[in-house]
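Okay, got some structures for you below.
Paired with chain B in one complex and with chain C in the other, chain A is shared by the two complexes that follow.
Entry: the complex of A and B
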């Protein structure tokens, strides 16, 4: 065969061979084991009230954490791109910090603040306001660990946005708010959607901080990853597996969107 | 902010006649002055070009008129209304930015209609105006496209239509041809000038390109280091420059230092009469003689006729081909002096070919003096 380049199939083969034991087979085993007793059993495990609750709780808490972090990320990116002030860089570093902190430490830190003996918890607990070991604690933990994600996607887009667009809008008669709404925000559409998807994907899988702050009470404060952990400890591998499949599919869908819609999202 | 009428060169009466005027504008960035006492007006259907190198302050003037920058002192008056303190959005100026600044997420139509939507005009009124403007700038086939799908020239036309939609009090063009190919530039300049003349809007262009300034301007203002050095029609400014900068920035100019003696220009043996349209000079004033390369005639030393004002003899240094004309440099026999540049049309080069090293006499058709700085 003329022009045949052995390097191509060889290098692709090597790449897949490396990925196989590290990534592909672990993922495959979830699906193989989860459905090995038939789809009926898988469906039954998935429809268990505790399992449904855990999934719903994960989705709801991740959703609100995402809403908060996208709005805050947008606001912080706006402030930090537009204004130069003393301490600006310190704030940028602080916003980015939560990704570098182990999630267990994040959960622990929240406990030390909001727990019954915590700095603020001590002040509010006597009034009957409980934050730790409720859904609020899960949202707080999710916000903390995903804090820089939306900001990190939106800020660079803000920075490279052509300033004369906003000036043009102003000379044409727009107020700041109208300019933000009609000109700035549409330019950030892709970054906002991307940031939201990343935040949500990261939040829904959060384990380390949630297990410390939620209390892990079944049907009350047990999220999907905690459910998997609890069922596995109880020896109910099938129940754990069913939820694991759902979470894996979630991530798969989100990252497929990020990849295949990247033209629309304008991320490269 | 108060202004003292004695500090400015334009009387308030002149201001009343102008559609747009700036009075005594000054601005510094930190300790660096960027504008010093700028005064000029633009009439209702006039195109004024601010011409200057980068750093001359021309962009700052435009931004101050638009309200994107605040002057340290001075006023901006639009149709008799002092808008110096008004924010950009309340001024009603139309700005065509250097990179056009079209809104990338809006179609051509939406870009053009934006200013009217902000003014909450009725939907059919907006549609009619957009239709009219789309036709005017000949973008009928592109009205639902996004800016990224248009060529540079088309984007520029959208930017102009967008700025005209809400009937601005003045159109401001920030080097609008900078991003375009040289070929397209020239045809667009003609198109835009014709368009503006049809519209009857006062317009201010800024550019560093003198050819562009000549072609567009009814009047041009030459800026240098934050000062307005001269303003007039392109013909006036080219033929009667008042400063060395104006003389050399607008086309090429030869300069010769000298002194006023008996009302005449004198440099060694060179003595030239001065016509009355030269600036008033006193005996002994240090001046510079300014003459354009095309206003010099070269002859064999024995041949110079009386119709040219004799300058000096000299030697040809270089003879260069420059397309439609010939470019010659000549060292005059005036001691240490920069060689002068002479351009000669084809008819001239055919009648009297020159070679390097040849002795010639230089005569002047036209010249002026300016006061030495």
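Entry: the complex of A and C
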């Protein structure tokens, strides 16, 4: 007969005790602070037109950055796992670079390129084309900082994919596109969804690069994280918290999907 | 499986179609104002609505304001990098001059009324209720064991005013005592105070938020910040140093960004800032008037300053920045 295994509750307890001050309580205090003046005030803060705009802008810009990075990640993973060429490794390393570059650097790198005195900005600004301090700048910043995420998820799956299936498809007379659409893509389903959700989750919380390139104009170019920062700076901690709660719930939903939808995505 | 994938794709496309497209910024009669951190309330509560109503009655045209607020140096850098401001209201003249040097603003901003200054306010010390640390003047902030919140002069104009306030107050004091401006004493006071700084946020408003959240024993800031906090019922006391600086805030037109179509309304708004109506609205929001001192009588909360001085005491910003902020603060106090 087995006795009571003390190690189980003990180790679970220790794990939660460690998580408590590091992750759980900080998150809890956002919820407590955000709702401390009653749900009415929380709702009011959330329904402020500037807040709603900021959330929408974040969703839109993150969405387009995700679309771009998933398609590019898929394409790059395809090229890089299919062909061997000189400089291949250099490209793989370069795609991964944004992970370790401080987001503020990403922001001013974009300014240095597209700003009025930038390499390309200098050429386009005289024609009245402005990219920095518009929603485009936010999308570019989001693309930059989330660049490696979808690629990083999709590439390993590509690498381990069964080549013989594709070859079989080709010998049966399928075109390259048919093979890709009917054979390759289905196998990447899970990786694509995971990559997209990770990219979206990361983009929607992006702050460091956006604050530099967006212009931070309320109801114009102010994303949700910038709104939070602005409200915090103005001393409206409650308004800041209301949106922070929304973003926290967003990521909660995204990662729940990642976790619970795994089976649905992997099994046909 | 393709079915599932196409469901996903369709959902994504439908979702994207429902979302609003990113807004464009070309809407014509919009005035974009970039302001230093503490301008927010006065502009949004009183100045914008009043000007909108005035313009509507005179021209039967609606105008819209959009604005962004941050530390004065931050705002200036954003505009230099191309942020679409029509008007900038800055904490310090140095930033107006940087905008001129960067070909963003017109060089003759001094020719606007009151030398281009829209309003002013003295620098004071905020402490916790009951003044538990016994702070009565700037020099007291250098005592051991006092925790100070002080904005970062790299991004905040208010931080630079505060440094000038501390430094100038010591010069004034030594002048009264010995007839000489004792720059060594003033530098040492700055050093002692900076040692006690536990946090240096990006703007005066950010510093206030930290102080409001319970950080620190003292905060050097604009008088209006203290008055606003008191109005909101904060448990604080305002300490008015015997000698302190009056900060003077310039407004400039960002020539580079103002289109011909918009210029009349932008210029009208800029000039409106010096109208009696706007100046009185500033006083209501705890700024002191730049055009007419008698307007200040309307605000009973304003402190009496025994020995006020301005940047002129140091020979203007053209000297104050290189000689005090740069040569003394950045090179001797902060760098050590």
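Heads up, the rule we're going with is that the second predicted complex is superposed on the first by the 262 of 268 C-alpha atoms of A that agree within 3 Å, B and C clash if a C-alpha of one lies under 4 Å from a C-alpha of the other, contacts with A are read in each partner's own complex, and residues count from 1 in each chain.
Definition applied: a contact is a pair of C-beta atoms (placed from the backbone, for glycine too) under 8 Å apart; a residue touches a chain by one contact, two chains touch by 3 or more.
Keep in mind that what you see is a predicted model, and the values were worked out from it rather than measured.
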| item | value |
| --- | --- |
| Partner chain in contact with A:175 - chain B first, chain C second, else both or neither | first |
| First, second, both or neither for A:159, with chain B first and chain C second | neither |
| Which of chain B and chain C A:121 touches, first, second, both or neither | second |
| First, second, both or neither for A:220, with chain B first and chain C second | second |
| Touching partner for A:56 - first (chain B), second (chain C), both, neither | second |
| Which superposed partner A:189 touches (first chain B, second chain C, both, neither) | both |
| Chain B versus chain C as contact partner of A:167, first or second or both or neither | first |
| Which of chain B and chain C A:136 touches, first, second, both or neither | second |
| Larger contact residue set on chain A - chain B or chain C | C |
| Set intersection of chain A contacts, chain C complex versus chain B complex | 182, 186, 189 |
| Chain C contact footprint on chain A (complex, rising order) | 56-57, 59-61, 63-64, 67, 111, 115-116, 121, 125, 130, 132-136, 138-139, 182, 185-186, 189, 193, 215-222, 230, 232-235, 237, 264, 268 |
| Chain C residues touching chain A - in the complex, by the definition given at the top | 1-2, 4-5, 8, 12, 15-16, 19-25, 32, 37, 40, 66-70, 78, 81-84, 201-203, 205-206, 208-209, 212-213 |
| Chain A residues within the chain B interface of the complex | 162, 164-165, 167-175, 178, 182-183, 186-187, 189 |
| Contact set on chain B toward chain A in their complex | 66-68, 87-95, 97-99, 101, 103-106, 114-115, 118-119, 162-163, 166 |
